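Read from first to last, the chains carry the letters A, B, C and D; within each, the first residue is number 1.
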């Protein structure tokens, strides 16, 4: 994304610097406004960012160098949260893409299932937590189930759409050359639906962060969502804000990394669109 | 080789039904190059798609080497008009050409070698690692031809293969098809709306009527090989054949228009 | 005043979101109702037995007699009563003493208890285990998972004191699983927790439905007759609306008296504001409905919280109480 | 218009699921003590329609959701148009957007509650916070995806930037915006009910669920969940209709 600067000329470096600056100049201004505003307000519930950062450092980032400066508390909360997040998200991807291709390629099947899909995705996942507690084990299983349920819909809907509208000439070509089922799936349908699938998968990633938090509010003893609830119930407001900031950073990093992957995998799509 | 008997096809049902093919009989002999010509929208593509097994005709029979075509026959290749959509943009040129060879049970190296050979033959040896959309239209259609060549089909179907390229490229591609078919002794069924083209590349020209399409007539093309874009087209025989085909196509143009 | 200015500023910062900040709660004019500053008040309640006194007072017209209209608003927990009281969305809310005292120490917020609501009695808050559990006594809970209704709460305090009495260390010997009461029965039945700290109607429910066994009443010993919750308002509110507050106190007092003297009255109102089935309402154990606001009694909460380290310094609760009108 | 086969198949699919759920309960595969059988839930759901309190709750959810969604559109569309047409501003705002977007609005609930002294206002605000992003991002994306040839055509006739924006960019971005609105509607309903579940309030399906939960009535919780799903389904159907209608308008407009 950042312009790569070829050569070592100062002009090139300056151009690169300006490009970075154009992206980030608003961030310090926003943080400064936040700091000033909260200082002015002086409310316990709205601590200034400097105080939040100090609390975050104290809670999570003052650990030994061997643990990348993460404290035990950080490791105990971040790792389970991330495991649930990625576990649930990955499972949702597999199920969503698998089911989506099946529904997208079979009119008959989708006739039976479509109304259920429409109904299922309309149910707010938090209302299903009591049900999931009964169906799955409390803790990780229930949390992963909640995440899967919450994030599968964009993947499923986009995959159905992508698989249903594979270009007819592509499909004909594959059929005329007599490609087998597996090859048609992996070589034609999935790549053709790729851009749509990726759009759904990306959307579901930011949803997964939200559902991770929601699922950790019930019957959990660790995780970032648990921290959020714990700090809130203990009136540790800087700590609570710290958890909120952490979620923002986590979402930001996930989204940015995902874009890098998407660029690589879908480079054909982007470049093909540019040339035509 | 190919035997089409009384082929009819109707799209839709009831009052909205549209009959595209009205009972077509067609034979293509082993090693023959047959061009099917007809006015636009007469059902040429429906015919081709039926032979390729992409649609199931409402009536009639198609046999390839005495075997009735039910599903997609395993041994034919198709070159579509719309190269930009028949090549897969997410695969390199080499992969595009090699893809159907998986069905031939070849291993990776063999597939690559066959693809390289076919690309060499169409003059695109250097483009193997490029993506289709990085090539010009004519080059993309060459890739599609290479893909069909590498597959070594017993029957090659071409659906207006040169319909989307400029005149110069078109002539080059016509000569390319003549060359490779000569070299591989392939059986080809080429569909086109271009009368000159059908006479120039074909051994035989079959003319279809307007929709619902029937065979209006057919002509043997006994022009000498190798053919040449300038010399062949100057031959009196060529001019005569062209006029004959034109008359067949035109004759039906004057018949009362059929509702679409 | 300082906080108010800060709040206004933040609304300014979040200007885009503040479109809806207008239209404060239904502030009635002060003209009617015997000089009350406010005739309609929003009251935060939980859908549990604690607030029966309020609903009885409402049903019997005690609020009307005082010229007050009470609009109840369901709360999920006292946690959410605090910001709603501070913002002015609620005038009065059911506040459990533990949470309000904890908030008083950790934030600068000043709350006042305007009436006592609910007090524990025997078998109102029990620890239960599944029918076939090997756990026979509190001692057997060592190394087990126990569900509690919330962290840093009366739930944690009650279970901790019970464990301590049996020689267990609540910090090391057990794992607390925070979950709302409605989720605990399923977790208990499926073995996801070993024991649950429950109140009614869940206690009766799990004993009837799945034969769960009580192993301890947590409201004994140091916590016998423990004060649970009171009607809470902010200090600012009590100063701004003294007459409204007094009217509320008088009506609620009558309601509390009716509740403490007549169980039938409670059973009559429970189905109005909870989904407890009438047949269940008639068998559940209920706590007491105090008719006075006693500093000595409520001081016990603060003292026990200090003893167990939930607050770091001694808090005198007397200034937190608003004397009931005579 | 509606294919009868589609209706029959859809009904068959739903029936199979319901029967399977009922059987799972009756056969003891799922403990009936914990999870009431499907027939009980369905009966409960039907009964709720006659319960004026539940109808008030349902209406409460609909009100905050619709208001929140409309507010989000009013905020996000102009902002999206602004950022979509000013690449520099978009570049600068992107890190902030990407930072704020993944923060769950439910986590902000206590803070919003503190700021807004009005129960519905609190919920509307968190709905707006969650619903703004899909609309904003889709609007920005739609504006960037406008065919440059169309824009240049109009420019070549001497139209100004604003005219191009109004006549080409915004209309051709409209389908993207509507897709964003559909996403936002789904998110908004989820947030509305989640907020009610977490914070309670004067009314709302979530507040009803709190009452049902406090009364140890799993059957009523599930019945209310069913209605939440139906509500979402109806809203989506409505928006799909709107989208179809708007798409037609769009093609007519650009075709003319």
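Note that contacts are C-beta pairs under 8 Å (C-beta built on N, C-alpha and C of every residue); 3 or more make two chains touch, one makes a residue touch a chain.
Worth saying up front: this structure is predicted, and the values here are computed from it rather than measured.
Novice: What chains, if any, are shared contacts of chain A and chain B?
Specialist: none
Novice: From the C-alpha centres, identify the chain that is farthest from chain C.
Specialist: B
Novice: By the contact definition above, name the pair with the higher C-beta contact count: C-D or A-C.
Specialist: C-D
Novice: If you average the CA atoms of chain B and of chain C, how many Å lie between those two points?
Specialist: The answer is 82 Å.
Novice: In whole angstrom, how far does the Cα centroid of chain B sit from the Cα centroid of chain D?
Specialist: 50
Novice: With chain centres defined as C-alpha means, what is the inter-centre distance between chain C and chain D in Å?
Specialist: 34
Novice: What whole-number Å value describes the gap between the mean CA coordinates of chain A and chain C?
Specialist: 38
Novice: When you check chain C against every other chain, which residues touch at least two of them?
Specialist: In chain C, residues 7, 10, 79, 83, 180, 182-183, 186, 190 touch at least two other chains, as defined above.
Novice: Any chance you could list the residues of chain D touching two or more other chains?
Specialist: Where chain D meets two or more other chains at a single residue, that happens at 31, 34, 110-111, 114, 197-198, 213, 218, 221.
Novice: Mind pulling the chain B residues that touch 2 or more other chains?
Specialist: none
Novice: Every pair of chains that touch: which are they?
Specialist: A-B, A-C, A-D, C-D
Novice: For chain C, which residues are in contact with chain A within the complex?
Specialist: Within the complex, chain C touches chain A at residues 2-3, 5-7, 9-10, 13, 79, 83, 102-103, 106-109, 147, 150-153, 175-180, 182-183, 186-187, 190, 192-193.
Novice: Where on chain C does chain D make contact in their complex?
Specialist: Spelled out, the residues of chain C in touch with chain D are 7, 10-11, 14, 16-25, 42, 44, 46-48, 71, 73-76, 79-80, 83-84, 86-89, 180-183, 185-186, 189-190, 201-202, 205, 209-210, 273-277, 280.
Novice: Chain C touches which residues of chain A in the complex?
Specialist: My answer: residues 33-34, 37-38, 40-46, 129-130, 133-134, 137-139, 218-221, 229-230, 232-237.
Novice: With touch defined as at the start, can you tell me which chain A residues reach chain D in the complex?
Specialist: Touching chain D: residues 22-27, 30, 45-46, 108, 111-116, 118-128, 130-131, 134-135, 153-154, 203, 206, 209-210, 213-214, 217, 228, 232, 240, 243-244, 247-252, 254-256 of chain A.
Novice: In the complex, go through chain D and note every residue touching chain A.
Specialist: Residue positions touching the partner: 5-6, 9-14, 16-17, 30-31, 34-35, 88, 91-96, 98-104, 106-108, 110-111, 114, 183, 186, 189-190, 193-194, 197-198, 205-206, 209, 213, 218, 221-222, 224-225, 228-233, 235-236.
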